[in-house]
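Structures for review follow.
Paired with chain B in one complex and with chain C in the other, chain A is shared by the two complexes that follow.
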Partner chain A sequence: MSQELTGSVPRKEKFVHRTLTGLNPAIESLLAAAVGLIIGAILMLVWGYNPWKAYVALFQGAYGDSYGWASSAASGVPLILTALTFSICVRAGMFNIGAEGQVYIGAAAAVTVGYFVLPGGLNLIVGLIFAMIGGALWSLGPAILKLTRGVNEVISTIMFNWIARFLTFYLVAFVLVDPVRGEKTISIPVSARFPVLVRGTDLSWSIFAAVAFAIVIYFVLWHTVIGYEVRAAGLNPSAARYGGIKSKRTMLLAFILGGLGAGLAGATIVMGNPPTYAIISGLPQLMNTGFDGMAVAMVGRNHPIGIIFASLFFGGLTAGGRTMQFTAGVPLEMVRVVEGVIVLTMAIPELIRVFRVMRSSWSTLMNVLKRRRSA
Partner chain B sequence: MTDKDRLTKNEPTPDYYLRAEGITKVYSDGTVALKEADLEIHRGEIIGLLGENGAGKTTFTKILSGLLPPTRGRVISPRGHIRFKSPREALEFGIGMVYQHFALVGTFNAAENVALSHEHPFNRIQLTATKKKLEGLMEESGLHVPLDVPVEKLAVGEQQRVEILKVLSRDIDLLILDEPTSVLTPLEVDELFSLLRRLREEKKSIILITHKLKEVGSVTDRVVVLRHGEMVGDVPTEQASTQQLARLMVGKALDKESSAVELQDKGLPRREQERANVRSKQAVLKVDGLTVKGNTGEITVEGLSFGVYGGEIFGIAGVEGNGQSELVEALTGLRLAKSGSASINGKNILGLDPREIYMMGVAHIPEDRWRLGLVLPFTLAENAILGVQRWEEFRGPMSFLRWGKINQHVRELMDRFEIRATGPSAPAKSLSGGNQQKLIVGRELAKDPQIVVASQPTRGLDIGSAQYIRDLLVEMRGKGRAILLVSADLDEVLALSDRIAIMYEGRFMTIASPKDLDRETIGMLMGGVAVKEAA
Partner chain C sequence: MVQHRKKEKEAFVKKVLALLLVLVLGVSLAGLANGKVTNGKVGIVLDVGGRGDLSFNDMGFKGTDQAAKDFGLQMDVAQSSTAADYLPNIRNMARSGNYKLILCVGYLLGDALKTAAAEFPDQKFAIIDSVVKAPNVMSVVFRENESSALIGALAAMTAAEKGYKYAGIVLGIEIPVLYHFEAGFRFGMDWGLKKYAEVTGKTPDVGLLYTYTGTFSDIAQGKAATEAMLAQGAVGVYNVAGPLGVGDLEAVTEAHTNAKTTYGPPYYFGVDSDQDWMGNGYHALASGMKRVDNACYNAVKSVVDNTFKGVVLSLGLKQNGVGISGVSQLANFIDFGIAGGAVKADNFYNIIANWALNRATVPAYIWDAIDELDAGILSGKIVVPTANTSDEMKAIRAEYTLGAP
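Let's look at the complex of A and B:
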């Protein structure tokens, strides 16, 4: 074949369909999940719980029956969207941790549809659009600071998260407040709620919105010129400039797309999660959606399709964690430990390289043994 | 059995410094980079390690310097069998390597970079001591670099000097240099070689990786030739003829390569007949009074005026760092010009962004293919549309990319430009240097440009690829295109160009036909000595 490869085992030409681009490290994610579960088991042993019993309960609760699957998927829905927010920006070469604040703003914007009376389906769509625009507008702050003044997006998004948090506290307590029950906002009207998909669970049609958004992002990033430019600028800004790509534009685009996703996540929480359909003061349902999304993004390898599966896994941990608490008596926090270990493991990309070295030294050893035997 | 044969073939001489025996390296993807390579290194000798790209030169030296473990085989010294776990251990043993791609922290200055390489992680960095030591070392070795400037602001040649100083400042016995001259100008090469000779006097051993035959002859004591991972020759330099070495190095496909050797060694113009009589009447690129600032705000291009005509290769030669890079960047939209004008077919290009300039028919082969030319993690297909991603041909409705068409385009490029890769979805970083460069050149020439701006187009490439790319440039000239060639390889500029400009401190010392310039004159002009002054 080629001169450079002379003597090498001819590698199979991989006809990987473009949908699989970037998904090759799936094994790495599975490995990290396994390591997380194993270390979680060790910790359970240390604290005197039965890890086997706990995990059986966890996985039965998460994926044991259709109720479990539905609950896992429902917990994963907003995570798909916030994970996308993070991933799009990673692909564009930025570390945007502003999804958290954008979720708050998106949720608050969605609640405002409670003040309108619109015909049926329109109310839902207007709510979604409000939420997405709210999230996108909130992401513009850090974006503009970065593009005009060079402010690092890590710092500015953290600060915007806090601003969003207290702003939403205020809105929930004084502006959007339910005149009858002061501890929550007005409720989303029935016409603007996502219909429940599986009766008796939290899973609503919002999952289709989230998956559709993921697929749209996938197509934008890998099948359009704009997405191509975003990824090029993210991987090598100099080469992108050489290729006539304006990296300021791609960054702005990534911020806006991410904001749309996070805003939508806020909407899925308030419009798709029974029974409240409102923001409760203190924002318990919204809290950490953005941050957990970052973990999901890492496990999903910043790829929209990978993120869908990773969300199902993280949603499963949350849903199954409750069962684990009931039946095995293991505190719910153990699930957070497992999640934390997974994230830490993901942060060690060296791991797979170590495995490769081990494999090659193994084959060396076998060769040596073979030679010994033949000699 | 085979082991015995080898030992009787070349008896170890008692005074050897290091001996590699039966080194085999198989990479984890199955590539066999080295097959049973043997080498004996003595104190006080300069060994030329010759071979095309992909022959295994770098792999071999990486094994010596502790960066890679061999799959089989061993390295022994008179003190016994050695196996380094890291480059640091090799350095402590006395083996230091200067890589082709430097390992410097861009925002640190030279002294800080050297100090960084010395200290164990928990020691205090001793900057003043390092600086003093470096100043002494610079005096001793004649290698001068500014110590207080961040290295990213230094020219490539200077950065290399920092790398060499970094290694020399350790007490080393064996210095390995990977293609050190590919970034240097003739003057700098001479300086480097006299340094190497001085080190030889001090009984240090040197391995010089190269694929330039002339260098081998001028500085080495012994030449070792690698081909496809095998040591195919080990001869004293005085007994080796250039032709013989070339034959060893390239093996079968000699016809094409021998002419390349000829070109590289003698600077003979190839395809004299194609030299354009078709030169256009109007300049394609016209530059007038162009002034450009460098990174640090100093003026690097000063009031340049010239024109490049269709059907000619206009070569710019000169010591690197005299404004060539800034000139190219200004002309391709990567750097803002301070004043002056530049136009393509009468239309201004200054102040436009790179894409607008491409649309006017400019192709740019950038000097740094890893930083500018390619997005390394991208696939071949993705790299093949960099800069032309918005072409109608590749863009469907709603700006969807037509991957089918793009892949087809890539396959055509692979055929037409002899790019060897597994397919359009192979990552660019998996290609060899020569194939990466062919990909860039192919992509740029496929634009069917009016003018090709080629900056160091053959730097660091093996002879075959380099010659192939030169042929392509000549072919473009034959088609009546204008070519602006900037190269630190003087032979290349002399062989290809119809007109040559010698650049020195941001100005052209002269613009002349290569026939009217002898090497001595060129050398003086490159050093900033005007011919009249000298006479």
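Let's look at the complex of A and C:
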């Protein structure tokens, strides 16, 4: 008995370190969601809306029937991918905010298949490859700046997002523009669209592309040597370097894998979402996919499998939020406030954990600087 | 030690669960006291522009709300936060089967409605600003080129009179609907400048500044575009981007603050609703009205009287679908602003006084010319060109260059 106990204590301690309350991560997430729901309910009560009716509508719309599930899953598809972009880099010890811009570039690259005529499903595959390459190329900018000049990736990815945004505005308005309808790009040809999976909903076969990518990332990070190196470099860069891991190589890999994911996210939006299958001027269907992905990554605890479930949850908030508006009479703004509260409470445990990791690397950096200054 | 911690944990979970239960019960009791008897429901789906624009979307809302009140219906709103919401929002309402009519307010909903109308052939739909040809869809479009021609003429003549080099338009996303505005404005400016030369005997030198901001929601873009135009010497800007007008007017107001002027140029030209009351009536000279409210009201009415048909209605000056704002609408729309929380009720007379003083800065011969153009369009003597595709727009830009090389 005592033998077993001493054996299990270090394991337990490790576990305690991993979550905020010391509970199982799944239970902790559920608790956080409950706290979010309660705060949301209080907010709705204060502003005179009926929270019970609102939540019933939310859950009905999100998971009430197969239509709800399909709608939730459809909204979650691109988020799986942008969440992976963020979490791969967190695992590698970086804060990559660049998914947003990479989604734009990926979507624009996917639209270019409209100019080719290729046999059969080849169009679809070419579109996906274009999008992934587009996203990855866009991630190379901040990656190269970081690796060669030490530019902080937070700053550079934010800037690259703006460049991507205006570049895509330009591409949509002048290069990829539909000659008949100036407000959108040419539409993706039928042969290159993901077929709709559940009739009468937005859910298409793109969900398989997203889930497959998540599984590939899981496999790479946890079952290959290079993946081990990426995670090791993320946990403790100095120790990893001491152990012979080339941190530049792991960082570059994390950026590129993330870029592939975000580019693919752009493709799933334009190739998998009825009815327009094109980018609309002002990018109203791409906007915030990258940023929402960061929240999904936090809720999914930066783990590919967790992210799949977190995306389904986020998609549920989106799908349910739509029904909440017109069946419970809660205006969209309030719906978004409530969603924001739930997301925030759910992200807090992982946020704190990530900040702890970041702080330790920050303080190491500060110590080095101090030593240099005093020397 | 471990056992103890486990117990503590369990106690914590229990406490939280108990708290949850209490809240759920309390909330569900609160939910019981709510219920109204109505003659049915109408649904309204808005695009990403959304409520609070004090123009297009609020007008659709206002008209539908009025109809719902008059006919004892309940109105439900589905606002879209991204373009991915359009189709699901329409489908959700149609699936419930509770709606006598689902009104889609905005061109951008066109593709989604086309899909949904085929999926739900028994559901009646109406769409504003787009044409969806289906037996269960009533499409309402406007001849905005006619109202924009009036604003264009007013802006161009005022610029010439006051010695400004340009008149400006700040537009939203480059959709065919906005081509109507641009085409009409260009024609109107051209007409106005010719009229100015005819009346005064002077040759005016006034050009056009126009920007498609690519957004119907980012107010800051409207402000930035307006600031740039005013800096180049524009007499005012015509808002053709719904909520961006709030930003446009802010830029105009700041220009007045900096120049320490109260009335006169630079002016703001409103759109869709009568926006003349905005900013307490100081700077909004006139609005190119598009009566989305009437269109929505009539669509709901047609369902109530059983006259609903899957047709395309094109509303121009003649049908009172569009027009330039005058004193007769102002009072009504100040109330609209009060209801929207944008102005205080006791400001009512101040606004009318400010508006009249601002209008007085434009000489009477210009107002007479606008009336002449209005009458000409009404009688069919003057035909305002329009554009629906980018090629047609290019042709009109080439015809009415207005200072562009």
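Assume the second predicted complex is superposed on the first by the 315 of 375 C-alpha atoms of A that agree within 3 Å, B and C clash if a C-alpha of one lies under 4 Å from a C-alpha of the other, contacts with A are read in each partner's own complex, and residues count from 1 in each chain.
The working rule: a residue touches a chain if its C-beta (ideal position, glycine included) is under 8 Å from a C-beta of that chain, and two chains touch if they have at least 3 such contacts.
Nothing here was measured: the structure is a model prediction, and the numbers come from that model.
A.B. asks: Look at A:Ile38 in the shared chain and tell me whether it touches chain B only, chain C only, both, or neither; answer first, second, both or neither.
C.D. replies: Second partner only.
A.B. asks: Looking at A:Gln285 after the superposition, I want to know if it touches chain B, chain C, both of them or none. Which is it: first, second, both, neither?
C.D. replies: Once the two structures are laid over each other on A, A:Gln285 reaches chain C alone.
A.B. asks: Can A:Arg241 be said to touch chain B (first), chain C (second), both, or neither?
C.D. replies: After superposition on chain A, A:Arg241 lies in contact with chain B alone.
A.B. asks: Which of the two partners, first being chain B and second being chain C, lies in contact with A:Ala232: first, second, both, or neither?
C.D. replies: In the superposition, A:Ala232 contacts chain B only.
A.B. asks: After lining up the shared chain so the two structures overlap, which partner does A:Pro179 touch, if you call chain B first and chain C second: first, second, both or neither?
C.D. replies: second
A.B. asks: In this superposition, which partner touches a larger number of chain A residues, chain B or chain C?
C.D. replies: Counting contacted residues of chain A, the larger count belongs to C.
A.B. asks: Which chain A residues contact chain B in one complex and chain C in the other?
C.D. replies: Shared contact residues on chain A (touching chain B in one complex, chain C in the other): 5, 8-9.
A.B. asks: Chain C touches which residues of chain A in the complex?
C.D. replies: Checking each residue of chain A against chain C gives 5, 8-9, 12, 21-23, 27, 31, 34, 38, 41, 45, 50-53, 55, 61, 67, 71, 75, 169, 173, 177, 179-183, 200-202, 269, 273-276, 280-282, 284-285, 287-288, 318-319, 321-323, 325-327, 329, 331-332, 336.
A.B. asks: Could you pull out which chain B residues touch chain A in their complex?
C.D. replies: 26, 28-32, 35, 53-54, 71-72, 228-229, 332-334, 353-356, 358, 364, 366, 371-378, 382, 385-387, 389-390, 394-395, 398-401, 403, 420-423, 425, 432, 435
A.B. asks: Taking the touch rule as given, give the residues of chain A at its contact with chain B in the complex, in rising order.
C.D. replies: 1-9, 11, 13-14, 16, 18, 219, 223-226, 228-229, 231-232, 235-236, 238-246, 356-357, 359-360, 364, 367
A.B. asks: Once bound in the complex, which stretches of chain C touch chain A?
C.D. replies: Contacts found on chain C: 2, 5, 9, 12-13, 16, 19-20, 23-24, 27-28, 30-31, 34, 43, 48, 50-51, 76-85, 87-89, 91-93, 95-96, 107-108, 111-112, 114-115, 119, 172-176, 179, 212, 214-217, 389-391, 393.
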